[in-house]
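Presented sequentially are two complexes of chain A, the first with chain B as partner and the second with chain C.
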Partner chain A sequence: MTLRPTSLNLIAGLVLIALPFVYRDPYHLHILILILIWSFAYTSWAVMGRFGLVSLGHGGFMGVGAYVTVLLWNHFGLSPWLGIPIALACAGLLALVVAYPCFRFRITGHYFALVTLALSGIVLQVITATRNHTGGSLGITPERTKGSHIWALQFDDKIVWYLIALGVWAGGLLIWSWIDRSMGRYAMEAISEDEDAAAAAGVNVTAQKLRITVISALMTAMAGAIYAQYQMFISPDTVSGIGISLQMVFAAVVGGIYVALGPTVGAIITILLAEVLRIGFGTKAVGWDNLVYGVLLVVFIIFLPKGILGSLLSSISTRSKRQNG
Partner chain B sequence: MLVVNGLVKRFGGFTAVNNVSFKVDKGEILGLIGPNGSGKSTIFNMLSGTFPPSAGSISFEGRELAGLAPHRIINAGVGRTFQIPRPFKRLTIFENVALAGFYGQGSHSSAKAQEAAERALAMVGLPTDRTAPVDGLGAAGLKKLELAKALATAPKLLLADESLGGLDESEMDQAADMLRKIRDELGITIIWVEHIMGVLMRVVDRVMVLDHGEKIAEGLPSKVVSDPRVVEVYLGTDAHSTQAAAAAAEARR
Partner chain C sequence: MSSFFEIFDIYLLEAVLNGILLGGLLALLALGLNLIFGVIDVTWICYAELVMIGMYGMYYLVQYYGLSYYAAAPIAILLVAALGALLHLLVIAPLLSAAPINQLLATGGVLFVLQSFATVAFGIDFRNLGIRLPLLTLGDMHLSYSRLLAFAAALIGMVVVYLFMTRTFTGTAIRAIAQDRQIMALMGVDAKKIYVVTSALGGALAGLAACLLVLQYDVHPFVGLSFGPITFLICVLGGLGNFVGGFVAAFLFAEIISLGGLFSDLEWGYVLAFAFFIVMMFIRPAGLLARRS
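And then the complex of A and B:
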């Protein structure tokens, strides 16, 4: 599915922009902001996941994005406007260091997934080992600014955050559709089917895989940084670690990794599920959402590999084909 | 155009190709034959960069190719087909070929890639519409697609790997004529690896015969088929196929 600047997209965009000015319930706005930020994170994962590059380490990239931004601010007073680009550069470098040997020596499939799983473990270890600076597993809070809110990228108004999150999410969808329409998509589809045959068509397999991995890592780090600035609190449990890495895989797969809005649908479902359990059952339900995720993931991989949105769209398109034909 | 010197490939203690040297002149079709496991495919894989040679040099238009990555060799002008067709099933027929046209020619322009794809598809006789899926192709169609992909990379030298396996006799003849047409009309030099000797002999200018990784004969088809070593190792005691090959070689003169 590609996103074209059709009138439908334009109207949807305007409605989404106007929404917080009409409807101001802070709790619902908070949920919407979380959905947008996580949708962006899941989209970032699916940018490479859709081509069979299954990473179980994207929590690592998200953690780098969040922690580098916050640490630069707390320890050096460096504005997130400079800190975020540095954080993205760190995540991109990390992606290169991990992915280049994998792709160069053709570590693919399950083995690639295991290497990336180790990556999120390593980032977690680094955060806890340097607890004097990072706060370890207790987490860390960006220091409240005494000066300009814009310079510190700290806003009290949820409407501002809603618009920032909306912009970042839309940016993620634009990157998705840009890749979708490029020759790079053909190259990646070819690589995911048969690397030797892709190379025989002239594709530089290693470079193409690195490119998509770095794009995905940069986007994920961006999601981490925005999350940190919005929540004003990060811990390994919320932005890094294996739990977050697996949550990204789960949500993206449930929503559908082959369609642009699939990861967004995945974010809506997982976040609403977590909220319903939290409100309905309170502390009794701690961890239930993970149990439900696990069961659903198994069900989806077996019965709905295209995800909810993907299956829905393809059933609509076969039905309309049948009517036309 | 291609000068191969002292090519060696060892896998552990096993020597798959042992000190093979040969030349290919511009505009000729060289047939490469030999029994299973004689090293034909190994030579192809070294020429196309799937793996590097253990020793020896591969000089193409004065440029050393040994050890280069596959995409660099493609971009230098050496295209290949695979023994078993390897289409990208998630892409359409056109996209398969356009992909090769784009990356095989150095990723410059997608308009140029689409033109190359249209020409290549028309050349091999596949539909040039944008939506036809790969699913609908049979064995002969898949071989044509394989060839179209290789042609779209604009090769000067085409490595055609056993392109006739799985075809019936008339399809084989068509495919053999196709390779000749590619040489005659596009001026592409061809190295053709093939099991089925009769068809090959009808089309090639020269033949090289391999056995156990070594070159045992090289020359005109009519000379090679009567070489006693070739008869012994390649054709064995099956006198019928020897005669058929000899007849085919005779017929083309």
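And then the complex of A and C:
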């Protein structure tokens, strides 16, 4: 599915932009912002996940994005406007360092997933080990600005955050559709089918995979940084580590990793489910949301590997007897 | 100055010994995972969570039903073995012909299920058996008795598995399936049955590991995350499915963690081990003992 600037997309965009000015319930706005930020993170994962590059290390990239931004602000007073690009550069570099040998030496499938799992383990342990600077597992709060809110990228108004999150999310979808329309997509699809055949057909396998991995890592780090700036609190449990990595994979798979809005649907489902359970059952619900996620994930992989949105779209397109792209 | 070196050496020796003891336990964990991978060609991401359930099993058997440790251990091992077989029948079997990565993700879902099941059923409190084994003192060194016991039991467990694999018909069939899964069906081996037996055996090893870990560590729903990733890295480092490689890698890892922890915090030991892993992936991508092609 590609996103074209059709009138439908335009209208949907305008409605989404206008929404907070009409409807201002802070709690619902908060949920919407979370959905948008996590949708962006899940989309970032799916950018490479859809080509069979299953990474269990994206919690690591997200952690780097969040922690580098906050640490630069807290310890050096560096504005997130500069800190986020530096954080993205760090995440991109990390992706290169880990992914290059993987792709160069043909580490694929299980092995790739487990190597990236090591990556998210390393980031988690480094954050915990440097607890004097990062707050360890207790987490860290960006210092409240005493000067300009724009300079510090800290806003009290939820509407501003909603618009920022919306912009970032839309940016993620644009990157998705840009990749979708590029030659790289065909190269990556060929690689995910058969690496040797793709290489024989003249595809530079290592370079193509690296490119998509770095794009995905940069986007994920961006999601981490935005999350940190919005929530004003990060801890290894909320932005890094293996739990987050698996959560990304889970939500993206449930929504559908082969369609642009699939990860967004996944984020809506998972966050709403968690919130409904939290409100309905209070502290008794601790653990129930993950129990439901886990069962759903297993059921989806067995019965609906295309995800909710993917299955829905392909059943619609077969019904209307159009070619299923 | 000379006294400084004496103290230093004693600590170093203690760390080396502790590393070896930890290595035995890690090797046991890696063996179960390698067995599953080598035979069924599936990675159980939820392997450490099976161990966690086994630890809870031990906790409840000992604390609530008042069984002695040695009476509870076989029950816990059987429990986790049954869980392993169940995991195979419910989740892996329908996905055997699916893409390997789907199998990985499905067991990731099981990881969520087991973790949150433990959270819901047992709460998030840290629990322990309440058995405190004494410290052994050798000269100036202090070694924990529970670690020694774990090491010995892990070694015995591995020898038993080795004998089972080489001396029994089922074991031979398991090794044959690992070598060529297509041909074995023609030789009259029921692959489905072998898979279930292997899964149960892998589960039993997880159960044994649980009985040993519960002596040293508190149980909580997320305890699996503290040794699960290490176990995967050991298996990959040794070459997935390569038993000897996994054995060597387990001791290497344990020494790095133990010695790294000696010079700095324990977390840095883990960071070093992870970094070592990534460097080794550059040098020996197919595993420590793999021949270069």
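Here are some notes:
The rule we apply is simple: the second predicted complex is superposed on the first by the 321 of 325 C-alpha atoms of A that agree within 3 Å, B and C clash if a C-alpha of one lies under 4 Å from a C-alpha of the other, contacts with A are read in each partner's own complex, and residues count from 1 in each chain.
One rule holds for everything that comes next: a contact is a pair of C-beta atoms (placed from the backbone, for glycine too) under 8 Å apart; a residue touches a chain by one contact, two chains touch by 3 or more.
Bear in mind the structure is a predicted one, so any value in this text is a computation, not a measurement.
Comparing chain B with chain C, the partner in contact with more residues of chain A is C. Look at A:279: by the touch rule set out above, it reaches neither chain B nor chain C.
Of the two partner chains placed by the overlay, only chain C lies in contact with A:109; chain B stays clear of it. In the superposed pair of complexes, A:189 makes contact with chain B only, with no contact to chain C.
When the shared chain is aligned, no partner comes close enough to touch A:22: not chain B, not chain C.
Within the superposed three-chain model, A:8 lies out of touch with both chain B and chain C [touch as defined at top]. Using the contact criterion defined above for the overlaid structures, shared-chain residue A:288 touches chain C, although it does not reach chain B.
Every residue of chain B that touches chain A in the complex is listed here, in rising order: 48-50, 69-71, 74-75, 79-80, 82, 86-91, 95-96, 98-100, 102-107, 110, 113, 149-150, 153. The part of chain A that touches chain C in the complex is made up of residues 52, 54, 56, 97-98, 101-102, 105-107, 109-111, 113-115, 117-119, 121-122, 125-126, 128-129, 241-243, 246, 249-250, 253, 286-291, 293-298, 301-302, 305.
Looking at the complex, you find that chain A touches chain B at residues 183, 186-187, 189-190, 192-194, 196-206. Every residue of chain C that touches chain A in the complex is listed here, in rising order: 37, 43, 91, 94-95, 98-102, 104-106, 108-120, 124, 221, 225, 228-230, 232-233, 235-236, 240, 265, 267-268, 270-271, 274-275, 277-278, 281-282, 285.
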